[in-house]
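Read from first to last, the chains carry the letters A, B, C and D; within each, the first residue is number 1.
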Amino acid sequence: MTLTTTSLSRESLIEDYRRVRSRTEGLARPITAEDAQVQSMDDVSPAKWHLAHVSWFFETFILRRDESYRSSREEFKVLFNSYYNTVGEKHPRSQRGFLTRPSLVEVMDYRHSVDDAIELYLRSVPEQTLATLAPILRVGLHHEQQHQELMMTDILHVYWSNPLKPAYSESPSPPASTVPALDWHRYEGGVCRIGYEGDGFGFDNEYPRHRQFVHPFELASRTVTAGEYMEFIADGGYQRPTLWLADGWAQLQQDGWEAPMYWERRQATWWRMGLHGEQPVEPSAPVVHVSYYEAEAFARWAGARLPTEFEWEVAASNVAVEGNLQESETWAPSPAAASSDGPVQLFGDVWEWTASAYLPYPGYRVNEGALGEYNGKFMCNQMVLRGGSFVTPQEHIRESYRNFFYPQSRWQFMGLRLARDVEA
Amino acid sequence: MTLTTTSLSRESLIEDYRRVRSRTEGLARPITAEDAQVQSMDDVSPAKWHLAHVSWFFETFILRRDESYRSSREEFKVLFNSYYNTVGEKHPRSQRGFLTRPSLVEVMDYRHSVDDAIELYLRSVPEQTLATLAPILRVGLHHEQQHQELMMTDILHVYWSNPLKPAYSESPSPPASTVPALDWHRYEGGVCRIGYEGDGFGFDNEYPRHRQFVHPFELASRTVTAGEYMEFIADGGYQRPTLWLADGWAQLQQDGWEAPMYWERRQATWWRMGLHGEQPVEPSAPVVHVSYYEAEAFARWAGARLPTEFEWEVAASNVAVEGNLQESETWAPSPAAASSDGPVQLFGDVWEWTASAYLPYPGYRVNEGALGEYNGKFMCNQMVLRGGSFVTPQEHIRESYRNFFYPQSRWQFMGLRLARDVEA
Amino acid sequence: MTLTTTSLSRESLIEDYRRVRSRTEGLARPITAEDAQVQSMDDVSPAKWHLAHVSWFFETFILRRDESYRSSREEFKVLFNSYYNTVGEKHPRSQRGFLTRPSLVEVMDYRHSVDDAIELYLRSVPEQTLATLAPILRVGLHHEQQHQELMMTDILHVYWSNPLKPAYSESPSPPASTVPALDWHRYEGGVCRIGYEGDGFGFDNEYPRHRQFVHPFELASRTVTAGEYMEFIADGGYQRPTLWLADGWAQLQQDGWEAPMYWERRQATWWRMGLHGEQPVEPSAPVVHVSYYEAEAFARWAGARLPTEFEWEVAASNVAVEGNLQESETWAPSPAAASSDGPVQLFGDVWEWTASAYLPYPGYRVNEGALGEYNGKFMCNQMVLRGGSFVTPQEHIRESYRNFFYPQSRWQFMGLRLARDVEA
Amino acid sequence: MTLTTTSLSRESLIEDYRRVRSRTEGLARPITAEDAQVQSMDDVSPAKWHLAHVSWFFETFILRRDESYRSSREEFKVLFNSYYNTVGEKHPRSQRGFLTRPSLVEVMDYRHSVDDAIELYLRSVPEQTLATLAPILRVGLHHEQQHQELMMTDILHVYWSNPLKPAYSESPSPPASTVPALDWHRYEGGVCRIGYEGDGFGFDNEYPRHRQFVHPFELASRTVTAGEYMEFIADGGYQRPTLWLADGWAQLQQDGWEAPMYWERRQATWWRMGLHGEQPVEPSAPVVHVSYYEAEAFARWAGARLPTEFEWEVAASNVAVEGNLQESETWAPSPAAASSDGPVQLFGDVWEWTASAYLPYPGYRVNEGALGEYNGKFMCNQMVLRGGSFVTPQEHIRESYRNFFYPQSRWQFMGLRLARDVEA
C-alpha cells in the first residue's frame, strides 16, 4: 500500500498518515533543540519550523473545515503559514529563526495534538466528506515528504555554518567504487506524451498530460561524478568565462565560487561537508551541490549539454522507481552501478538539473482556493530538476515529478547528467 | 534593396552600411552632449557610449582583420567593449557614465574615421575576402539597429530622471482613436516549424529551424490598451497578490510598483513620460513599459494568458512586416486599426511579452569566435518578446526575431497581447 | 566587600569571583536553550555566547598564563574570541547565532570547568604572581558585569523579535507615580578634575584624571519621562527635520522611526516591549530605548541640550551610587522620586546620553598586550553615556564610568537628562 | 581689501562679489560641459551643480528678499537647493548627475542673470537694508569659496573615474625638494581662548570664543610627507589591525585599502592621480587623500598622535595666513620649506586631520532661519580638519576655521601633522 493509492479506505488513509508523520519525526531525532532553532541563511528554514509548518498544513486545510475544531495554538496560524496569501497573514520568512518560542517540545506537542485531531476527524466524517478530504490529505502527505527532504537540506547548511562541522549521521558513508565508463543511450523522440498519467498522485504542475515534440537525443548512462567534476576544476573551469552563461559568470564572481558548495581545498585534497560531516571528496560518487550555472558550464566543457525535462521524462518512462533513496539511509549519493540496459541513477542519489525552465504545461490550471498557491505562482525564473535524491522518499518520486530551483541555488542535493544531440 | 539581401555587391553593401550608420546619427541629433553623457541607471548606457560601441564593433570584427589597420583611438578597444571576454578587457558596465572624455565630438570623429576605413577596406579587398566579411558586416548593421532602439530606450530614461522632463521630440503624439473591440483568432497548431528560414539574415538564436508541437490556441486581435490596463489598476490589480507570480509580487513590493513605469497619477488622471515628454495617458494606445510580471498578472486578471513564442510565430507567419515602426517617426505606440483578416499590430508599436523563457532551440550552435558571445550566453533567466516596437527599424524585424529581457525589466518599449487555450 | 577593593587576599578575590559568576547564571535562569541560541540582529549576541565568552576571557587572560593549563575545549579559543586580534582568529561576529553546538549545557559545563581551574590556580600561585593576576581578574569581573547587562539588553531584542512577545520576568512592573516637576541645578564649573581617582577599579578609558574647563551650566533634576517624550511625538517631533541632526534625520527616514525602539501605537495608546513583556507605556517612567539622535532632537525641541560628559561627572561627583540598579530586580526604569538636594536618578534607571564624543582623555595610554584592545580602539564615531541602568550592577558603576554607543543605537537601556547654558 | 572687511561700502561689497564670482568661473574654465555633468560617486557633485548652487544661494537668501524679484529660472529653486529643509523641496543629492538640462551654457546664463540682479539690488537698496544684506552676502561669498574648493575636489574624482585619467592642469607640478627633518615645537597650554575673535568674518561654528583647558603638548614642525607614509605602508601599516581604530580596520577591509586614495602601485613605484594627471608619488610632498582612520593609524605607528583642534589653534594663533593656497595655482601640495621659528605649512598644502570630533562650542547658537541649517546640523560623526589646502583661497582661511569630514572620507585634499604629549 503506497501513498499513491486511490483507496478511500479510512484505515489505509490513517495508516499512510501515521507512516509519513512518524517518518518525519524519525528523521528529526538527531537534531537538537538548538540545531532546530537556527536559520543559517534566508533560504533555510529551521527544522522546528518545518516540523510545525507541515502540521499547520493539515490543520489549515483539513481540520479547519470542521467548524467545531478548536486549535490548541491559535497563534500558530500566522507563525507557520509559509506563503499562502489566501490563508492570511504570514510571519516573515527571513525571521523564522527568531521563533525561540514555541520550543521544540511545544512544537512536538502541537504535532501530536494535530495528529490526534486528524485521526478523530477522519474516523468521524461521513463517506462523502471523506471523499473530499482524501485528496487534500494526500497533498498534505506529499507536502510533508517534500519538507522531510527540505529539512535534511537545511540542517546540512546549519551544520556547515558551524566551524565545528557536526555530523548528522555517525554511520559510515557509502563505500567508494569503480565507476562504469560513461555510455550514451539513444532515444528517437517525436511527438511524445509528457506529464502525469494514472490514478495515483501527481501535483498540479505535472498536469495536464500533453504532447511535446522531442528531437532525437542521447542521454548519459549515469550522473556526472565528483572525479569528473574535479577534472573540470583542474582544467580552469572556474576561470574561463567563455564556458559560462553570463549570469552564471556574474554569480561566480560575486560569490567567489571555486568549486561546488560545501567543498574546501586543503593542500592537494578536496574535502566536502555532508550529512556524515567533513570528509575527502569521493571521486566515484555523483557530484552534488552544484548550481544550474555550474552544471551548464560543466556540460559545455564536456562537449555536451543538459537534457530537457521532456527528454529526461522520455528516458525515465517505464523505468522502475528504485535507487539510493531516503529509505536506503545512506545520507549521501552513491557511485553508480554498471548496467547495459539503460541509464542508471535516474531515481535517487542527486536531483538532476535539466535545461528546461519551470513553466506551466499547455493547458495548465491551478487548483481552486488556497492550494492554488502551491505550485503555479513559482513558474518563473527557476529551472526544473528531475529524479529525486538520496533523501527523497521512494513513494514520493516518479517519472513525471518536477522539482524546481533558481539557477544559482546549490544547497539542495543537486547534480547533473549529460545529454547530446544526434542526427535524426 | 534591404539589409536582408544576400547580394555581395560591394556597392550595395556600402550603401546599406551608409544608410544604417547615417540613420543612427539622425536619431542622435536631438540629443545634446550632456544628454549623451549620462547613465541614469545601471541598465542604461549613455547615448555617447552607444554611438561609440557600434563603431567599435565594426573596428573590432572587420577592420582589425586587416593587419595594416591602425586605429585612430587604440584606447577605445577597452572603453567600448560591451561584454566580449574573447576580445579582452572591458570598461565596467556600471561606469559607462563616467567617460566624460572622449567628448561627443571626439566620438563622432571616431565614427567617421571608422566609416572611412570601412569603405576603403570594402572597396579594396578581393572578392573572396569580401565574401567572408559580408556576413559579419551584416551582423554589425543589425547590431547597430539594435543599438538604435536601445539608445532611444535609454535616452527616455535619462530624460525621465530629470525633474524638468525634457521631450525628445516636439512633434505631436499619434492621435487618439476608437479602438476596435478585442477579437480572438484561432490557430490549430500541431507540429509546427519554428525559427528562421530563408536566405536573408537571422541571428544565431533563431536557428535552427526546427519542430515544436503547438496545441490549438486563440490569439487576441490586437495588443492590450492603456485603457484596459487602467481598468486592471482600478480593480486592485496592484493590491492582490493572488494575481501575481511570487517573484513578481516580491518585486512589486520591493520597488513600490503601482502602475507601469513612467506613469504618475495626478489627482484623477494618469500621466506618463514618453519621447514626447509628459502627457496624459492615451487610453486607446497600447500600454507600454510593463514588466513580464505585470503582463502576466494582467493576463490572469483578464481570464487569459500570454502566448508562447511559438504560438506568436505561428500567428505571425506570412504576415507582412508593416506597422508603426521606426520609419513612421511617431515616437509612441499608436491605437490599433480595425481589421477582420487577422491580428493587427504584430509588428511595431510595442514588443510583446511571451510566456516563453529565452532558451536555445533544439540543435542550437553558437557562432565561432567572439561573435559566439553575442546571444547564447544570455539564455537564462530572461523571457522572449516578439514583434518590435515603434522604434524598431522595419528592415530589422521579422516573424522569427527573438528579443529577450529579464521579467522585471520595464524600461524597454514593451507591452502585451493576450492568448487563450481552446479545445482541440 | 566590593569588587573595587584593592585587597589581594586570595579568599576575597575568590569570593568576588564566585559572586559575580554566580550572579550571571542567576540572570540567565529564565532564558531557555533556544532563547540563548539566537542572534536577532548583528548587534545582538546570543545569551549562550555571552555565557561562554566571559569564561573565555578568564581562560585566555588568566589560565593560559599557566603553562600546565589544558583547556577542556581548545576549539573555544576561536569560537568565543570577541574582537582581540592580538589573541588570534575570531569566529565572525555576525555568525554567532549559528553555533548550535556547543549546546547551552556544554557551555555551562565549560563555565564550571573554568571556575574550578580559576579557583585552583588562585589558590596555588605564589603571592607575587597573585599580585600580577589580581588586576586582570578584576578586569575580568567588570567585563563579566558588562556582559550581564549586554545579555539582558540582547535578550530583550530576541524576545521582541518574536511575535509572541515573551516576557523575561513575570513579576509586576515598577509602580506608576507622580513625577516631580523638573528642576534645574546650577554648577559653576571652571577648571575641573575629570576621570577616575582612587584605589579601586577604573577602566583605562577613565584615565588619566585630568583637567577640563567647564563653563557654568544647569542640569535637570531628573531624567526625561516617557510622558514628556509622548508630548514631543505629539508635537510632530518625528516629522520636523529642523529639530534633528542631519545624520539623525537620514536615519529616521531610512528606518522609518516614529517613536522610541520597542514602542508601538495601538489606536490611541502607546505600548512598549520590555523585560516584563508588552505593556502600555507608563508616562511617569523615564523614556528608554532612544538613540542619541532622538535624545538630541528632544533636547532641542525642549529648548535645552544634552550635558557633556564632563558636566555630568561634575554633577555626579560625591553623589552616592544608589538607585534603581540591577540588585533592585525591577527589570524596568522607575519614576523619579522627589528631592530638593540635587539631581536624582544619576545612577541606575537609564543610561544617559551626553553631548560628548567618545575620545581619549589627554594623556590616555592603552593597556599593554591584548587588553590594550579593550577600549581604545573604539574611540571614534561613538557618544558617551553615563550613570548605568536598572540592569547595571551597583558595584560596577561610578561617577567616572564611561559607556559608549553609536548615535543610532537604541537597543541598550538608554534615555536622557537635559542641561542648559547659564550666564557666568 | 579682503572679504573679511566690515566695510558696508556698496562698491567694496560689489567688488568683493565680482572678484569671488569671477574666480569661480576662472577655476571652471578647463572643465568641459561633459566633465561638468557627472556625479562619479554620491559624495561628489557635478561641477555644473556647484556653479548653479552657489548662484541659487544668492538668489534664495538675497534676491528673494526683494518682493519685486522674478527669477529667470523659477524651477531652479528645487533643483539647486542642497540641504535647506527650511527653504523647501530639494532635488535628491544622489541624482545631481542626471540634470543634463539645464546645460552648462544655461547655468552660466543663470549665474550672470543672478550677478546682474545682485549688483542692481545692492546699488538700489537703502543703507539700512544694505546693513542687513551685507553679512548674508558675505556668508554667500565664503560659501562660494567653499564650493570653489569642493568643485576642485570633485572634479579630481571625476577625472580619476575615467580610465583615460585626464589632467585638470597641464602646467608642471611643484618641484621636489629636500624636506627638512621633523622638529617638535612645545606649547604650554593652560586655559586657552578658542574660537573666532575680531571684526572680520567667522562662521557660526567658530563662535563663541570660549575657554578650553589645554595640557602641555608638542606639535610637529611640518606635515607628514608621502615618503614617510610610504615607510608606513612598507612596514605593514595596512596589514596590522592593532595599529587601527576598530571602525578604521573594518573600513580598510571593506574597501580593500592598501594606500591613500588615488594611489596605485606599478611594479616598484607608487603613482598617484592628481590635478596634474597621473604621476609618480613625490616623496618630499605632503601625503594627501588619507582618511582620518589612516592619519590616526599612521600617528600611532609613528609613536605620536594627532593634535586636537584646540592644540592646533593655539599653535596657529598669530601665525600669518600664508602658504601654498589657491592663489599659488600649484594644483598640488608642495614640500615644506625649512624654518626654525615654528611650524610651517599650517595654512595651505593639505587640510590637517585633528583628533577632535566636530561638536558645538560651549554656548553655541545656530543662526536664525534657513542659514541655521548651514553648520549646526552636521555636528555629529565628523572630525575637524584645520588649515586649508592648496585650493583654499587665501582670504577664506584663518586660525579659527573648522572644516569637517567623516572619518572615512578621503577624496578631499586632506593630510596630517603629528603631535605628542609632554610632561607639564
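What we mean here is this: a contact is a pair of C-beta atoms (placed from the backbone, for glycine too) under 8 Å apart; a residue touches a chain by one contact, two chains touch by 3 or more.
Since the structure is predicted, the reported quantities are computational estimates derived from the model, not experimental observations.
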Chains touching both chain C and chain D, listed by label: none
Reference chain B; chain at largest CA-centroid distance: C
Gap in Å, rounded to a whole number, between the CA centres of chain C and chain B: 60
Chain B-chain D separation of Cα centroids, rounded to whole Å: 47
Cα-centroid distance, chain A relative to chain B, in whole angstrom: 38
Where chain B touches two or more other chains, by residue: none
Every chain pair meeting the contact rule: A-B, A-C, B-D, C-D
Chain A contact footprint on chain B (complex, rising order): 83, 85-86, 191, 210-213, 215, 241-242, 244-249, 292-293, 296, 355-357, 359-360, 362-363, 372-373, 377-381, 407, 421
Residue ranges of chain B in contact with chain D within the complex: 32-35, 37-38, 40, 75, 78-79, 91, 95, 97-104, 158, 161-164, 166
